[in-house]
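Look at the two complexes coming up: chain A is in both, with chain B in one and chain C in the other.
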Partner chain A sequence: MKSLIVKRIIAVGIALSAWELLPRLGIIDPLFIPPLSQVVVTINGLLESGELPTHTLISLQRAFSGLTAAVLVGIPLGLLLGGWFPRLQQGVEPLMELFAQANPVILAHIIIFFLGIGEGAKIFIIGWLCIWPITFSTIAGIRDVEAQLVKAARSFGLGRGSLFFRIVLPAAAPAIFTGLRLSAGYAFIMLIASEMMGASSGLGWLVVQSQESYHVQRIFAGAVVITALAVITDLLLKLLERRTVIWTNTGELDICDTHEPKRVNLYQEEAP
Partner chain B sequence: MEFPQSFRDHLLRSSGLTVFLLLWELAPRLEWIDPDFLPAFSTVMVEVCELFQEGALQIHLLVSIWRGVTGLLLALALGLPLGLVLGRYYRDLAETINPLLRVLSQVNPFTLLPVFILFFGIGETAKVAVVAWVCLWPVLFYTITASREVPLILVKTAVSMGASSEEMLLKVIVPAALPTIFVGIRIAACLTFYILVAAEMLGAGAGLGWLVHNSAMNYQIPRIYAGAAFIILLGFLLSRFLRYLERGLFPWQFEAMFQLSGEPAQLAWRPRKAASIAFACTVLVALVIGGFQVDKINRASAQGGHTGHHGHQTMAEDAPGGPAAGGHGSMHHGGTSVPSKGRGSDLDMSDMTMEEEH
Partner chain C sequence: MGTVADNYKDAASADAKIVVRDINWVFHLKRTRTEPARDFIALEDINLEVKKGEFLVLVGPSGCGKSTLLDILAGLAHPTSGAVYIDGKQVSGPALDRGIVLQGYALFPWRTVRQNVEFGLEIKKVPKGERKAISDRFIKLVGLDGFADRFPHELSGGMKQRVAIARALAYDPDILLMDEPFAAVDAQTRENLQDELLRIWEETKKTIVFVTHSIEEAAFLGDRVAVLTANPGTLREIVKIDLPRPRTNSDIRSSAEFGWVRHKIWELLQNHQPEVRGAIDSRPVADAISPSAEL
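== the complex of A and B ==
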């Protein structure tokens, strides 16, 4: 295990030094891919000028508002549909599948008609995007709760409420977390897209802005920051999952768990 | 659960959709919502038909599909062998560079778009590269996992029967890994469709995303809905089709499900060798023809748009530009992302030369 970590650090080190050296030695045109050190300097400059914190904060705020809204709507919706109204769930499932396909960026112009060009539209886009993986995986999690657990709990005389909160919800929690992590990933991808399309702030805007002024180093700086944010968010969600869902073996906390997040057995889970 | 067994099931499953479409039709007609903002469902469908008759839909569909398929094939060409090698022969290396791959896979494709544009110009290559990037990671990760987790008993059996290493690869490992790999391909395809359309809204001169974007620029509201509805339907059909294909190709993965639903395994068709070769050839020919077509469309839109070129829009907030009629193809929109005005024509040139390489 120790040696693996050392090896991994060495691999990352090699990749980073390649990024530094290849442009420096002129093997790659440094105008196209600036060396790492320059990117770091640029990030530092953006940090000092206060641009980066401002835009990062704005982007994060949008992402988290959307994600929170999706969690607040999606999990109860999934619980209701999966747990209490399975017939209704069958009825609305094709509709939800279509909605999950409805790319909110395509609908951005329409959303702007209704919500204006302010924050509302962007938060709606993110929320719409995030709600479907969360809802679907909640439904799947509820549906796949082991019948034996429920039966055992019933025979011990648990009431409806405590059956739900002490058996069903914990058993569905890992699936819900999977949906949450998928959602967070998509949220970041599409947030940047929507900020690139029509915004005057945020990290996506920063990148587009740098592109328009041919600030290659800034593009890379923006890309690095966005990637770092995505990685950190994923890590935090994993940490949260490990802290709250302690009864399943979620394995090592590591950005590089070797397995994909356990895909729940429902066909929409990957439709972003 | 996915196979409705009776008429009642069908009825139940379609009820949600029916209610939604009815509401969509009635709400604007009864003026609950301003029909200028939300045209009725029938109006939108009429618009789809019009787009189809104009030929705009086919053109942009072709462009989008060509980009998507080319990118996906590139990702497959890179990801499958790499994943197989990493998962099968260099497991330590795979473990070692795993964090690197994970972080790379988190790199946002939209932030890469400007970088790829720097590299490849604003032509097709940048978009295809973004698609390939998006597709590469699911394909690679699923291939690594799949080829690493081939059941040991299969491998041991094959070894004890004296299989050569080539036979082992082609007859044991690849077939055993294929179902999982296919899941990766399916995820990649669906995700790509999603991202490609968004990327086309950001900077393209053709494609389904551009069609919607252009309609929005010209305030053709029914047309936005028409384009969006078509795209959504297409994505839906794509994911359904891939699921169907998965079931057809790898029925053993779904045995339990078939038993439960009492469905005989009649979906289990095996592609014959000739059929697969014919399929591959068709895809190749289609790609080449599609490439020429896409090239032609891009040229047409570049030439047609030269007059109004300097006024072209940069972002969603900008004023509508270009002629409202003949929205497809007649307006140059090639360089949304690199809209420095003085250099517009230079960029066009680089655009053209990029295309000629195809």
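== the complex of A and C ==
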């Protein structure tokens, strides 16, 4: 486990050093890719001027509103379609696939026509893309619940409702988490897309504005902050996953994980 | 309906705990590229009685419908015709008078050993304090004290099956239905679990119906062994096992009598044919919880 952390630190270190050194050595034109240290200085300046905290807060609000809306709609929708109306689900599946592929950015004009140019449209654009991974993974999670588990639970004489909430839902939780993490990633991608269209605040707007004035350091500063937010969000979700879905070992933390997987082999079969 | 009840009254002996009357189980096979659609008879005219406190083993080749028969006893499957009576009352669905242990353990992975064992007690709405005392007792009974707060994924196969047995016993059902419970563990563990099961059976005085495809296991465990043959699944003969009890910690497996019983069952099983698998296990989850599901 220790060596894994070392490997990971080395990999990140090499990438960051290359970012610093290549522009400085003139191998890459610093006009296009400024060295890391300049970007850090720019981030620091934006922090001090108060611009960065303001825009970050606004962007976070939008991303999480969209994601929350997707969770509030996606999970119940998945539960209904996967659990209660499987035949309806089979029928509407192609339609849902179509919806999932419909890029809200292309339809932005129509969305803005209905919802205006304010927050509603942005949250809708983010939420629209985030709903589908959550819904699909919830449906898949329910469909793939081990038949033996349901059989065992039914043998206790459980009614349909308790069977669903006590067995099927917890058994589907790992899959639901997978969808949730996928959606959280989408939320940050769509956040920037939505802020690039008719916004006057947010990190996406900061990047677009810097592009227009060809302020390369600020473009990279914005990109670094957005990436960091997405990575931190994913880490927090992994942490939450590991706390809730204790029985799978998929919730491993990527960056600084010192946690040994708790798969103790208790092969002292006849010990007790 | 009246005739079925009359049949039951006519035929059942006084000390019968479970009475199986004229069970038929037919399922429809869909048309495939090579074969037309047809009805497949998985169980044909099964009649059987299990006495109170008896250890009955159902043995047969895979596909003879023995697991389906167990599902019918559990109330998880409804026979095409015929009926099952427990204490003279017709079975209409699953209930807490029967505990079931499946081959794949089917433990709830998000629950600890203790929480798994207490599941039936929660359904029965036993108060929390009492639950703990009961689960303690049954965890001890299956030899898992010290593992109460472990999760199933931390346990070996044999230990998981012990938890499954404790879970099925904890809410005190009269009958324990076991579907090839030891088929997935290694030979050594298997013999240990068989010994344990006999000990637990003698201690708790449950009526046990045990499904296996192992002749040796059937001969070692059962008071009687019902031999089923496949295609269609019929009850060929019931062999009474007169081996002395307790059978644990003895050299019974190497005795001449044991060899004779084993050979007798083996002979009965000889003219069987290949199988078509029953439908219950492959049923999608959604079918079990959707409003149109049969519960």
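Convention: the second predicted complex is superposed on the first by the 253 of 272 C-alpha atoms of A that agree within 3 Å, B and C clash if a C-alpha of one lies under 4 Å from a C-alpha of the other, contacts with A are read in each partner's own complex, and residues count from 1 in each chain.
What we mean here is this: a contact is a pair of C-beta atoms (placed from the backbone, for glycine too) under 8 Å apart; a residue touches a chain by one contact, two chains touch by 3 or more.
All of these numbers come straight from a predicted model, not from anything done at the bench.
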item: First (chain B), second (chain C), both or neither touched by A:Lys151; value: second
item: Partner chain(s) touched by A:Thr54 [first = chain B, second = chain C, both, neither]; value: neither
item: Contacts of A:Ser65 with chain B and chain C, given as first, second, both or neither; value: neither
item: Contacts of A:Leu95 with chain B and chain C, given as first, second, both or neither; value: first
item: Which of chain B and chain C A:Ser201 touches, first, second, both or neither; value: neither
item: Touched partner set for A:Phe85, first chain B, second chain C, both or neither; value: second
item: Larger contact residue set on chain A - chain B or chain C; value: B
item: Contact residues of chain A, present in both the chain B and the chain C interface; value: 87, 263, 267, 270, 272
item: Touching residues on chain A, where the partner in the complex is chain B; value: 4, 7-8, 10-12, 15, 32-33, 87, 90-98, 101-103, 105-110, 112-114, 117, 185, 188-190, 192-193, 196-198, 204, 207-208, 210-212, 214, 216, 219-220, 222-223, 226-227, 230-231, 234, 254-256, 258-260, 263, 267, 270-272
item: Contacting residues of chain B [partner chain A, same complex]; value: 2, 9, 12-17, 20, 37, 92, 95-103, 106-112, 114-115, 117-119, 141-142, 145, 183, 186-187, 190-191, 194-195, 197-199, 201-202, 209, 212-213, 216, 221, 224-225, 227-228, 231-233, 235-236, 239, 243, 314-317, 337-340
item: Interface residues, chain C side, partner chain A - complex; value: 74-76, 93-96, 98-100, 102, 104, 106, 108-110, 119-120, 123, 143-147, 150-156, 158-159, 171, 188-189, 192, 280-291, 293, 295
item: Residues of chain A that touch chain C when the two form their complex; value: 82-87, 89, 142-160, 162-164, 167-168, 170-171, 173, 245-248, 262-267, 269-270, 272
